[in-house]
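Note sheet for the following structure.
Chain lettering (A, B, C, D and E) follows the sequence in which the chains are written, and residue indices restart at 1 in each chain.
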Amino acid sequence: MSIAWYLAVSAIVFSLGAIGVMTRRNPLVVLLCLELMLNGANLALIAFSRMWGNGDGQILAIVVMTVAACEVCIGLGMIVAIYRRRLPIDVDELRELQG
Amino acid sequence: MTTLLATAHLKGPHIDFAGLSPLIALLGGSVLVLILGLLGSRWIRAQAVPTLSLGVLGAALGLTIWQWNAQKSIVSGALRIDDLALVLNLVLIAGGACTVLLAWRSLAAREAAHGEFHALLLSSIAGMSLLACAQNTVALFVGLELLSIPLYVLCATELRREHSLESGLKYLIVGSVGSATLLYGLAMIYGATGTTDFSGIAQALSSGSLATDPLTLAGVALCVAGLCFKASVAPFHQWTPDVYEGAPTPVTAFMAVTTKVAALGVFLRFFDVALISTQVSWGPAVAALAAITIVVGNVGALSQSSLKRMLAYSSVAQAGYMLAGVVVSTQLGVKATVFYLAVYLFMNMAAFSVIVARERETDRGDSIQGLAGLGRERPLLAWPMTISMLALAGIPATAGFMGKFYLIDAAVSGGYTWLGVVIVIGSMISLGYYLPVIAAMWMREAPASEDEPQALASPGPSPVPVLAGGSTELDEELAPETSSPQPEVLLVAVLAGAATIFFGIVPQPLFNLVHGVGSGFGLF
Amino acid sequence: VVVLRNPFYSVLALVSHLVSLAVLFLLLRAEFVAAVQVVVYAGAVMVLYVFVVAYVGGEADSIGERLRRGAAGSGLRLGGAILGGAVCIELLIALLGTGLEAINGYGAGYRVGGPESRTYGTPAFIGNLLLTRFLLAFEVASFLLLIAAVGGVVLARRRGGLEDEDERELLTPLDLLRPRGTGTMAEGVGRRHS
Amino acid sequence: MPPLSILLWVPAACGVLGALAASVSSRGGSEPGSDGTWSIPGAAALLGTLAALALALGYIVDYKSGGPALQHVTDEVWISTLGIHYKLAITGLNVFLLGLTTLLFAVAVLAANMREWDRPRLFYFHFMLAESAVLGAFLAQDLALFVSFFDLMLIPFYFLIGGWGREPGRVKATIKLVIYTLVGSLLMLAAAIATGVLASQQGGGHITFVLTALHALPLSTGSQEWIFLFFAAAFLVKMPAFPLHGWMPDGYRAMPIEVLMVFSGVLSKVGAYGFLAIVLPLFPQATVHFQTLMLVIALASIIYGSLQAFSQTDARLIAGYSSVAQLGFITLGIFSLNSQGAQGALLQMVNHGLVVAPLLFIVGLLSQRAGGSEDVREMGGLAFRAPVLASLFLVVALATLAIPGSSNFVGEFLILLGVFKAKLVIAVVAFSGVVMASVYALRLFIRAMHNRVGPSADSREISFRDGAVLVPVLAVIVFLALYPQFALHRSERSVKANVFAAERLSRTRLTLFENATGYVQPGGVIK
Amino acid sequence: MSATTYGWLVLAFPLVGMLAIALGFRRLGGGSSKAAGWIATGAIFLAFLASLGALIKIQGLAPDHRQVVSSLWNYASTVGVNAQMAILVDPLSVFMILVVTGVSTLIHLYSISYMDGDRGFARYFSYLNFFVFSMLLLVLAGNFVLLIAGWAFVGAASYLLISFWYRRTTATSAGIKAFVINVVGDVGLVLGTYFIFKHTGTLDFLKTFHAASTGAFGHGKDEGDLVAGCCLLLVGAFAKSAQIPLHTWLPDAMEGPTPVSSLIHAATMVTAGVYLIARMHPLFELAPAAQDVGAVVGATTLLVAGTIGLTQTDIKRVIAYSTMSQIGYMIMGVSVGAYAAGLFHLMTHAFFKALLFMGAGSIIGAMGGEQSLNKMGGFRKAMPFTYACFIIGGLALSGVPPFSGFFSKDDILLVTAERGGWHWALYVAGYIGAFLTAIYTFRMIFRAFHGEPVAEARELEGGHLHHAPVPFNPANGEEEDTDVGFPGPNHAIAERALPMRVAMGLLAVGAVGAGLIQIPKVDFVIDDFLRPSFAGSPLYEPHTKDGLLIFGLGLGTVLALLGIALAHRLWVTGGRELQASTAIRERFRPAYELFVNKWYFDELIDALVVRPVAATGMFALGTFERVFVDETLVGGTTGIVRAGSAAVRAAQSGFVRYYAALLVLGVAGVGLYFLLQV
């Protein structure tokens, strides 16, 4: 399988994630979709790293995973906080700030 | 850090701790602050922690100055310490210090048990300074995240305020999308060039047809998007007003200033160093974005009733101005941008500190009408606000004028005269919302009785949690704060205002400061 | 992940996705990354998800809701899909339209040969890189985890005036996080908080 | 003579000192300025203005009409990075405008001292700041410095009008005014920077904004043209010229009369001065290119302003629109692009300032006597009990309509002669403005002073202080009427030098004057 | 002292007088003391003496050195313009200052009594002095700038004096009307100056004339610019001298006090146009076209004014129209080259017309302010002195020998005839005018003094001077508000006030005898005296054709007497009820309407100029300013900006997913742009 296929997959994954962010209203799912986007990027990184035969991509990928974990942590924290506040778990309900 | 020390002696690269020292100071400091915040008593948390964090910032400042006009790449080319980095560090640290002062008594700090609050603050600053001197994409990305993640938290710290949480979540979601975009862009550039070092990228791009390769260009596009997001450039600005308004005011002040600094710093480095050979293709695009940003920001700020929101839009506009310096990608442009960043710090700090003070004094929060009669009651607050408004509008004898002057100068001599014109048109529009603020302070009398919120168009968010009943002990914990004089806030306001005027009349020192910032680049 | 109505299923879908991704990584001879992928992502993080989903009760957004949400939401759905498609297409154009012939090859490893290619992707290789060229990134990343932990605590900690039942739910995930947290301080701090 | 910086900063300093003194002194500076007792800030301000006036007179006397173009030069590097100099100098163009400025500010402060002001410290501080800014704009010999002062000028007035103006619509009118005028100024800022940058790029040297240096670095016609338009926008708005006078009615209505005196008397001149001192020498090609446009705008201002002036019933607005017309004449003279027109324009700037300020002050006095209203329909028959006021008013009115024998007439004579040379038709049409001027000036005088006694009119003679405000200005008017040459021979050389480039370029157009003796001195006098 | 020194003195005295009165008006007091009046009169009299001095000095010089220029200081000489503060003393100007100061002295004297008790007494005399100063400045000016200055000053003075009783709306409106029309004249003058300056490059009179004679305008005649310039100068002259179509202000100017009418609007100011043309003769002779224009307009005016004079009933207006027509003679004369004759007529006219006005003032006093002829009658016995003066003035005006008007008028017509060609038409017009003059003059006299005495007349015979119960404005009958003095609370008539009698007497002597100084074939005082000023003028030579001369004199006499007889037939023997004149009026109703409405000139100007301009002004005020300036320019821009703001804020919907979507949209957009770069 040539690198191109991996790249194609990564692009698709990335876009799927984006779509998810745009369409889903449950913050949990939105977070998941963010994960998807990051993973898409990761795949691309690994693929390129393979293509060039150096490890930079992989390193970046690892960092990305860390980052993803952190974001998840924060995100979930917020969700919990929101839940504690008895606010609806729905990003569309959070629109006090506008205009 | 322990690991760092551990690995240092085995076959790791030579690490220039001197060069790294400010960063180390910040990171270590944040840990210290964190720990200090944990050991108990209220007094320590409320007073010692901020003091300590100030100390940390002071240390970092000292180290930065110690490093002055060093020119080196450290940690095997991950970072570059040069004038740009150092100057930006200065600005960042100053901004951080102001924030600490503003947050001294703030609700947010208490809510987030001071230690954590300041630790997050410091680490975010660390991320920024990392970003400012990042030299390869990995460091760039890490720095970006180290900047953002604490901010996500900080925005949400006033958990009792729904707005705060909301802003936090929004920031998180949209921000993550932004960084994912950036990441993908980085990935593509890596794919195109096969390296993560800026210098390597520049080298690779400068050779052959790679500069016009779709892969590269798409990567650049995604990077533009991602960074524009951080710098809140239209059309990626949308999170800005909501987050700024929702976040606790000290945090807003912090974000307003420092994220701009970091984002534009990395803009300068990444685009004017790594991607310089694709400038022909991204120059016009970024210029267009800048123009859009200027217009959108200024237009959006009109007829806002909340000061913070208004300032948020205005910061969007300012970002547009500063982009102009990036676009031209000349030494002059770099200098102008950095100069404006420095000036921007003073202007915004003055404004935000006044807002902080007002929020604690009145229940009218940050609404513009809330400022009515301020000139008569609290001239010491009114003057800094006035100065900062005039400066943001770019009136002569204020630093803002100098900044605009320099930017337009750069734009024109870079061949982007039309952008310069857009800048002035933007500041024309901006008069439409800066002047009313001054008018409110000096030309309107305070409404006779405070207890008539319906007299106001929109009472701003109140520091005391109105929803989900703040408990009684919390309230009496708040009670002494609300009416207490705030020497540190006043200090910040007056200092910033004074600096704005001073650098408006005697800008030469600032010019000398930023003189060398472009020297690191291969620009003419 | 995107289409499933129930967040819980979404999580599971994501897990499967991650695993398959790990497989792809293996195919790309990135053993260590693949491993991390499986352990950390599919393991820890997703467990974290599961807990939270269970905690806040991942109620599906029902059809009725969707109708109530009205045209805006649906319009956004459509628009979102279109946009995503557009981006996807652009990315594909960019990725596949590139002039680099290498992407049609099977990657450098096979061509270059030599010692480098043999060690490529092994933990040693990665660790080597991590401790030399990307030392800084590595350190900072670890610090990032610490900060994230702190942030999570700050956000989810119990506070006066807010009723809450067990906050344990939140802290366990943090513990789960810890094992792979390179920053040892993160552990301590996290603990002391809990 | 002391260096110019003293003249420039004395007013501001006095403003600050007055404020400080008042705040430390027991009286707190909030004493009423009325009935003889002076408030500390007011007194300080008066001292400052008088000092400035004395200095300015000194410079006028000391001016050597045969001397170098720039006299009493102060030249410090302000911002080396941007090549901006802090360069002040006396030229034949600004020497009398300085006198005008200081004089009007002095009398305005004197007038202001007759009233009790809320927050007097702030009031006088802004007032003095304004004077310094205006003086700076006139004195600046560096483009960037000029622009800075030009923009800065507006801010004190923003506070003055917004803080002490007259309801209704004080704040709204103020913001409208400031934005409207600043819009022009900001355009000019861009244009000015572009001038410096492009000029230095063509010159290949380090960027500079010093005017004399810029003269040596001509711009390409293309860039000259848009830059010219931007500058014109700023100056035309400031004047104001039709159709950019939208801010004027509200603004004039809102201003306190003392502020209005200086605003209308001095600030409008800065625009005209800018044309003469900056635009003509720097952008000659563009000037010639847009000459007709500018002339037409000026003409429109004359006619429109006059029409409005004799249709209005608000005395202030009559004065306001009359100055629109007058500044139309001045613009006309400048863009006749020959030394007669320019010379006349310069003289007319001084004259108009001298005339409109007392006119407005008198309007204030009238409204005191007409039950606070400034509507001429409320007035009438005031002359009988106030013969002195009536005669002073009469002199002012006659000077306003530029009756021959007044210095205003000499100004108009030269202006129209210049236009006559340049564009016959426009000159002929412009004369209708002269006729209409007589109509509205006399209409104002008659409606206020003559006819039956107005409904709420209660006439009385002017007080000694009022006289003290009016008489000095009138004395100057009379003096210039008798001896305009006093002003003319000082300004002649500078004027010729400044219009020289444009005049030579436009010379090709006016062939019908080549044979005329007396003017078209080949080469003019350029230093 | 040289002639010019006297010239400066002539200027100085009235100025000093004016200032003295103006500054010291409080001490001089209002109506109570007459100090102001005496000061003013004295000042003018001193000026008169100084003019005599100038006359003597100038006569002492050699004839070709009788044009002396003296400059005090450099008024405005820059960028090619040279204007000195200079006067030109030559026979012409000396002649003028003699007439002006002489007549003015008498009228000042007259005013002392006439204005007695008026609360504006001091103000009146300072105005009057100011006027005299301006008039002298006008005639002494040595260059165009000063000429124009004096020109405008007399306009201002006339404005001030017309609206002297400024509580009368009629007076103020008349004043502004006069002033504006005069400004039109000034504009014409200035423009004309430009046209001339354009070629000569100098403003000084003598230099200008020299340049003109040496071909600054080219050597042919009727050079375009020159004709234009001269015609524009004529505009100035017409405005000042109330020639058609700029004459409408003169009748209204009768709102002023009667002495003012007699001084300014009869004797001096209105003749400035004549002086101007005479002064500019070197230019006009190079532009015959302009001369013809002047001549025709003059002739027209004298006819039209005469016809109007036939029908007016306001005694002052009748005299005003006669003034118009007399000035028509002068303008015609100087335009056809009868300079000496024109100026001669100017002098004689000054005498008898001033006299007539004074008489009219006296009658008005007797009528208690009433001016309408319809209310007068039978004052013959009541006011013998006034009657006598009227008769003398009337005879002089109608040109009955040997009164002064006879010689001067016929002199003009004679020269006109000698120009030959179409000028004969002017000649005929002149004599028709003379006939009309006789008629309306004596119509006025007969209706005022003959017939049944009216109540006031009887009262006066009874030895008591009538006073109106309430002072009222004769123009519109509205009641005066009395706190400002109005035509004296105590009316003055010549029979009772010595100063008035003295003044009228002296003028009467002048009216009778002034003609004798230049009798055809007997003596040529005026001709000889003025010759130096007109040296080199081809038209300036004594007349030759005796036959024509005799015919003219005879014709003049006959027409005058016929006119008087006709007037007597109509208004004396025609019976008390004026059936005769009424019958004629009915017979020629349309003509009558035309005349009595003053040929509808006011209506014409009103419709053509005033209304349109005012309408435009109201449009600009009401509509244009709001719609265009405010709504379109200001509102438009702000509207756009506001709309943009609304849009931006709408985009800020608060839906985080929208934000994400917009973000992605941006990404897509930017990406697209970059991909297009490929």
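We take it that a residue touches a chain if its C-beta (ideal position, glycine included) is under 8 Å from a C-beta of that chain, and two chains touch if they have at least 3 such contacts.
Here the structure is a predicted model, which is why all the values come from computation and not from measurement.
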Neighbouring chains shared between chain B and chain C, ordered by label
A, E
Neighbour overlap between chain D and chain E returns B
Which chain's centre, taken as the mean of its Cα atoms, is farthest from the centre of chain A?
E
Interface ranked first by C-beta contact pairs:
A-C
Could you tell me which chain lies farthest from chain C when each chain's centre is the average position of its Cα atoms?
E
Most central chain, judged by mean Cα position vs. mean of all protein Cα atoms, is D
Approximately how many whole Å separate the CA-defined centres of chain A and chain D?
64
Distance between the centres, which are taken as Cα means, of chain D and chain B, whole angstrom
44
Centre-to-centre distance between chain D and chain C (centres being mean Cα positions), rounded to whole Å:
69
Using the average of all C-alpha atoms in each chain as its centre, how far is it in Å between chain A and chain C?
6
Going through chain C residue by residue, note those that touch at least 2 other chains and give them in order.
76, 79-80, 83-84, 87, 90-91, 93-95, 97, 103, 133-134, 137, 141-142, 144, 147-148, 151, 153-155, 162
Where chain A touches two or more other chains at once, by residue number
7, 14, 17-18, 21-25, 31, 44, 47, 49, 51-52, 54, 56, 59, 63, 67, 70-71, 74, 77-79, 81, 85, 91-92, 94-99
Which positions in chain E touch two or more other chains at once?
649, 652, 654-658, 660-661, 664-665, 667, 671, 675, 678
So what shape is it, when you link every pair of chains that touch: line, ring, star, complete or other?
other
Just spell out which pairs of chains touch, all of them.
A-B, A-C, A-E, B-C, B-D, B-E, C-E, D-E
Note which residues of chain E are touching chain A in the complex, please.
649, 652-657, 660-661, 664
Please give the residue numbers of chain B that touch chain C in the complex, ascending.
1-4, 7, 10-13, 15, 27, 30-31, 34-35, 38, 75-79, 111-113, 116-117, 119-120, 123, 130, 138-139, 142-143, 145-146, 149-150, 152-153, 156-157, 159-160, 168, 184, 188, 191-192, 209-210, 213-215, 217-219, 465, 468-471, 473-474
Note which residues of chain E are touching chain D in the complex, please.
22, 25, 73-83, 123, 145, 148-153, 156, 159, 163, 166-167, 169, 172, 175-176, 179-180, 183-184, 186-187, 190-191, 194, 197-202, 481, 483-484, 613-614, 616-618, 620-621, 625, 628-630, 633-634
Complex contact set, residues of chain E against chain B:
638, 641-642, 644-645, 647-649, 651-652, 654, 656, 658-660, 662-667, 669-671, 673-675, 677-678
Seen from chain C, its contact residues with chain A in the complex are 1-2, 7, 10-11, 14, 17-18, 21, 24-25, 27-30, 32-33, 36-37, 40-41, 44-45, 48-49, 52-53, 55-56, 58-59, 61, 69, 73, 76-77, 79-81, 83-85, 87-88, 91-92, 95-96, 102-109, 112, 116-117, 120-121, 125-126, 129-130, 133-134, 137-138, 141-142, 144-145, 147-149, 151-156, 162, 164, 169-170, 173-174, 177
